[in-house]
Amino acid sequence: MIKVQTTDFNLQAEHDKLREKSSVGAVVTFSGLVRDINQGKEVSSLTLEHYPGMTEKSLTKIVEQAKSRWNIIDCTVIHRIGELKLSDQIVFVGIASLHRQDAFAACEFIMDYLKTEAPFWKKESTTDNESYWVDAREGDLKALNKWSK
Amino acid sequence: MIKVQTTDFNLQAEHDKLREKSSVGAVVTFSGLVRDINQGKEVSSLTLEHYPGMTEKSLTKIVEQAKSRWNIIDCTVIHRIGELKLSDQIVFVGIASLHRQDAFAACEFIMDYLKTEAPFWKKESTTDNESYWVDAREGDLKALNKWSK
Amino acid sequence: MIKVLFFAQIRDQLATSELRMPSSENHNIEMLLSNLKARDSHWQTVLSKTNLLVAVNQTISNENSALQSGDEVAFFPPVTGG
Amino acid sequence: MIKVLFFAQIRDQLATSELRMPSSENHNIEMLLSNLKARDSHWQTVLSKTNLLVAVNQTISNENSALQSGDEVAFFPPVTGG
């Protein structure tokens, strides 16, 4: 299930959907949060923009790639858009599988690709009311290398 | 925080404790569940025994090793004991960090070591009332190899 | 007609989120970009950034991608979600 | 005295969860194991399993670990938690 939404999500509720099938033995979740310091600046809030239509299309493609590489029983990706405060949940990726290795690998794979391919953009506001678009991290592009091994 | 308990846990509540520090940008969680089929048998319930005292000691050591290898802001390990039903949550490992790579690696590391070093034993009961101790998985010992690279 | 969208910094800098371009004069992304840059020196600067990304019909593409009437083209900076 | 604990299958098979052994005759794990096996052929079989694990004072140890009065020794099969 892939969702792009302004509203928050609940980890236990998402986890309970992921473990509905009784064959599930392992669930790995990732959640990304609004951090207080980014690029050396004191962040007070964040606005997330996206490209409607392409977002869902690219997330669907990333999830399909993960499913073709690992044994995944169920998968949820939620990405929030709009205004977010400090420590708010931004993104959720949850993977249910028979064994933990598949769940860990697929979850990290989806996050690595989401970070570099899904059309979301963050605009941060600082405590002194400055506001700027976040720069892409070099490290996020490098993180993709491990999946082409 | 390390807890060995009979009671269930709530992922969102554990997650909220992990993201209390505003520097947290990434939280990775693992949860292990009672599966319906194990070693080819139809499982109906599970009893988890442990070695009180040594359990906490070995989990503390595993968490300390993870903290020495990765940049971890906070870490929670919960392992349930006693009788569990199908799809029940058995174990929770949650890692909060600045960036996702540390959280993924530390979470998988702790699970790999917990699976081979923490003194817990599972006794499964099947749908036809047979009951037996679960055999250790060969794959769990192999999983440790990746951390000595 | 070709629908052209701009996102994030690119939209802010161009003060434009969407425009239409005739498909007859824009047979591929290279031609479209060149026509957009020809508008003025500011557009020239903004659309010459080395990290500019382009999607055709919501799939990442490149300068050589062919275009036809009805296509949706989007220009945007490297993504920063997650 | 040395406190000896058994867990999981080992406890079930020996029908014993805990016993005491004199420290004077059990200076290390090897001696303790040998004295326990000497009880009868069943104990001999159960405690001869190749995957038997031993902990001294709640830390994984091996046959050479020295023992002294007050120590807690535990025998158990490979762990299966998580």
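Going in written order, the chains are labelled A, B, C and D, and every chain counts its residues from 1.
Definition applied: contacts are C-beta pairs under 8 Å (C-beta built on N, C-alpha and C of every residue); 3 or more make two chains touch, one makes a residue touch a chain.
Quick caveat, the model's predicted, so the values are computed rather than measured.
Under the touch definition stated at the top, subunit B and subunit D share no contacting partner at all. Comparing the centres of all chains, each the average of its CA atoms, the largest separation from subunit B belongs to C.
Each chain gets a centre from the mean of its Cα atoms; for subunit A and subunit C, those two points are 26 Å apart. One finds 48 Å separating the Cα centroids of subunit B and subunit C.
A separation of 23 Å divides the Cα centre of subunit A from that of subunit B.
Under the contact definition stated at the top, the residues of subunit B that touch 2 or more other chains are 32, 111. Inter-chain contacts occur between A-B, A-C, B-D.
Across the complex, subunit A is touched by residues 5, 7-9, 12, 51, 55, 58-60, 74, 76-82 of subunit C.
Interface residues of subunit B facing subunit A in the complex, by the touch rule stated above, are 10-13, 15, 19-20, 22-33, 35-37, 86-87, 98-101, 103-104, 107-108, 111, 139, 143. The residues of subunit A lying in touch with subunit C in their complex are 32, 48-51, 53-54, 57-58, 79, 90-91, 111, 114-123, 133-137.
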